[in-house]
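Take a look at the structures listed below.
Shared between the two complexes below is subunit A, which pairs with subunit B and subunit C, respectively.
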Partner chain A sequence: MQPKPYSSPYVMGVLLGLILLASFFITGQGLGASGAFQRAIVAVEKSISPEHVNQNSYLAHYGGGKENPLANYLIFQIIGVFVGGLISGVMSGRFRVEINHGPQITDRQRWLFAIIGGAFFGFGSKLARGCTSGVALTGGASLSLGSWATMMAIFAGAYATAYFVRRLWI
Partner chain B sequence: MFAPLAVIGEWKDGIVWLISFILGVGWGFVLESAGFGNSRKLALQFYLRDLTVFKTMFSAIATAMAGIIFLSAFGWLDLESMFINPTYLWPGIIGGLIMGVGFAVGGYCPGTSMVGLATLKVDAAFYLTGILFGIFVFGEIAPLIDSFFNGKYSGFMGRATLPQFIGLSAGVVGFFVILMALGGFWGAEWLERRFGKSAHRSA
Partner chain C sequence: MTEIAITTGKHAHEAGASIGIWGWEIPVYLFLGGVTAGIMVVAAIAILQGRDKKWPAAANKLILWAPVLISAGMAALFLDLSHKLYVWNFYLTFQITSPMSWGAWILVLVYPLTFLLILATFKKGYPDWYAKGESWIKASPLGPYIKWLYKAIQLAEKYKKIIAGATLSVGVLLGIYTGILLSSFGARPFWNSAILGPLFLISGASTGTALVVLMARDHGERSFFTRADLGLIATELFILALFLIGLASSSQQHIEAAKLVLGGTLTPAFWIAIVFIGLMLPAFFEILELKGREIPKYVPPVLVLTGGLFLRIVFVYAGQVSAWAAY
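The block that comes next holds the complex of A and B.
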């Protein structure tokens, strides 16, 4: 099956905005992705050593004592994201094995840089208390001052780095 | 005021989780439909060749923001009961810069990598592995950098908002955000016409 063209970014953006608004209106919270990953990590650490989680004030906030780190709306939301992406991918013919990168690097190089990039993003997202979803999008819509600062910093960091890693993509 | 519905109505966790799942499905569907499962498409924004991310993100921010402003002006949505991201200025900015490096190097962000994984993009699986590692490392060192993350060097400002900071009403700031977004869309279309071609040639 030939993949269908992507939908209009403006239409998808308005839909995404309505989903975010519905989330605020119904649950009082926005969207978030990195928070779910944080909770998954704490759950794994807790299963290995509950003492370790209890002794670290940051981890204990998510899973200290009897607190189940996975009992949180973000976990259900991110499972939904996976399911929604899967449905759209299957419907549009884009559900297929691919490794996307620029023509000048190999698949293996892409894998290496994907891990490095992910590690930076993961670390930074926790320092800033959320990622492009939980801070830039959610905090952007609620006009949080800090979220706008973080959003600008994300794009500043990315555009400043882009020149040096252009071989990866173009 | 009757919203946020779950907060005012004191709904049970299970119902909130079910709704969060459904909203997540919509969110993932929209991200994939816009093309966010493809890391290269995302990364090409940083070379001004494909500004889908900017267009989608600012359409979403403008829509949700306008909705929040109107619903609270109608007296339906209680902003005090709604989550507004607290401002910790310095870790927010440094964390943002680090995320930016990760975005340019890795192509995805956390939410989009989930959509990439769902549509069998192998690089998304590697990226997610990296994210989990980065979050793990942060969790281990967080207590050591507490004065920067939480304490006196964090630039904590509570529930500070852009309208408070600038000293204008939310409606006026919202109006300018929408004007800025519209101007940005016009600029994004122009940039894609200017730089977009070479991307399609090598795609």
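The block that comes next holds the complex of A and C.
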């Protein structure tokens, strides 16, 4: 089966905004990604050392004591993202194992840089109290000043560093 | 006023801490036991129907995985035992009213029956492995005794259908037992439903069928077992509905147990992991596949297998949370 062409990013952008609206309407909360991973990490830490999670107020906030770190809307939203991606990939004939990278690097290098970049972004998102979904999209939609500042900073950071890592993609 | 004092073991110090007494081991064991039951049932039916040409994976390849998976499951079960050195005591007695005793003996029957079926089908199912194994044995010190192996294979092939009949019965017993093991424990209202036996049997058969779909290369075989799996998923959904109706129309404790998955803490796990990801999503993909759409062949069966594991995890956990007395 030939993969179906990708949908128009403009139409999908509008749809994403409507999904955000629906999320506010149905659950009373916006969208988020890094929060779910944060909670998954706290759950792993808690299974290894509950005392550590309880004693660290930052971690305890996400699931100290009897609270289950995974009992949160964001976790289910991320499961939905994976399942939705699966359905979309299967329906459009695009479901396969693949590693996308530029012509000049290997699969291994792509993994390495993805992990380094992901770690930077994860760290940054914790400093900014959220990532592109939680802060830029959700906070931006409610016209929060901090969210707009974060969004500008994300774009500025990307433009500022893209030149130096261009060999990874071209 | 009449005052009734009730004293239970739950009043003991830290009784609550021991409620999660079964961790990952029992759900994994029940899942692998269920898959093995499914394999035995599906392979036996394929052999009894003489479909080894039409359904080569089901009739010749599938059964090899029964002893492998049941051994992995029993290893998980063994890890859960508190007194590991006394495990052999199971085999000094047979207690007709104890599902654990039934289970212990059923598990013993699984091995000889599946080994005999493997003897009868291995050459056809895995010709390359057979040739390699044969030349390896011939070159080893066991070489002169290979004629005994040929003799055993010949006998197993001759009585293949009789062995398959016995395998079918034991497979059904194994599948039902994995559910009855939980349902016979009356102290946990969530488990206290006789329909758990058929539910776990059907789920096991569905996962066994999913394995055939994973293994099958022949398009006709895959589409037949995809259709069969769709029927099993529909049956499983129907039994799950009956299970919930049964609980919700019983005593107050059973109603409270049903509430765990009808608005309570386990509602998302039950509806998202079991019903949506494990049953409805693979059914949706299977329907599309049967309608001629190209679906990656391993997606629906992997979802079915994942759903089977989730079913055991949620049921084992929910049972341990549910109780007759609030505390």
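Everything that follows uses one rule, which is that the second predicted complex is superposed on the first by the 170 of 170 C-alpha atoms of A that agree within 3 Å, B and C clash if a C-alpha of one lies under 4 Å from a C-alpha of the other, contacts with A are read in each partner's own complex, and residues count from 1 in each chain.
To be clear about the criterion, a residue touches a chain if its C-beta (ideal position, glycine included) is under 8 Å from a C-beta of that chain, and two chains touch if they have at least 3 such contacts.
Bear in mind the structure is a predicted one, so any value in this text is a computation, not a measurement.
By the touch criterion stated above, A:Gly93 is placed in contact with subunit C alone, subunit B being left untouched.
The partner of subunit A that touches more of its residues, comparing subunit B with subunit C, is B. Of the two partner chains placed by the overlay, only subunit B lies in contact with A:Gly17; subunit C stays clear of it. Of the two partner chains placed around the shared chain by superposition, subunit B is the only one that A:His101 touches, whereas subunit C remains out of contact.
Of the two partner chains placed by superposition, subunit B and subunit C are both touched by A:Phe76.
Residue overlap on subunit A between the subunit B contacts of one complex and the subunit C contacts of the other covers 71, 76, 79, 83, 86-87, 95-96. Those residues of subunit B that touch subunit A in the complex are listed here as 3-7, 13, 16-35, 37-41, 43-44, 46-47, 49, 52, 55-65, 67-68, 71, 77, 81-89, 91-124, 126-140, 142-143, 146, 149, 157, 159-165, 170, 173-174, 177, 185, 198-199, 202.
Those residues of subunit A that touch subunit C in the shared complex are 1, 71, 76, 79, 83, 86-87, 90-91, 93, 95-96. Listing the residues of subunit A that touch subunit B in their complex gives 6-7, 9-10, 12-31, 33-34, 37-38, 40-42, 45, 56-59, 71, 73-89, 92, 94-103, 107, 110-162, 165-166, 168-170. Taken in their complex, subunit C has these residues touching subunit A: 265, 268, 272, 276-277, 281, 285, 288, 293-296, 299.
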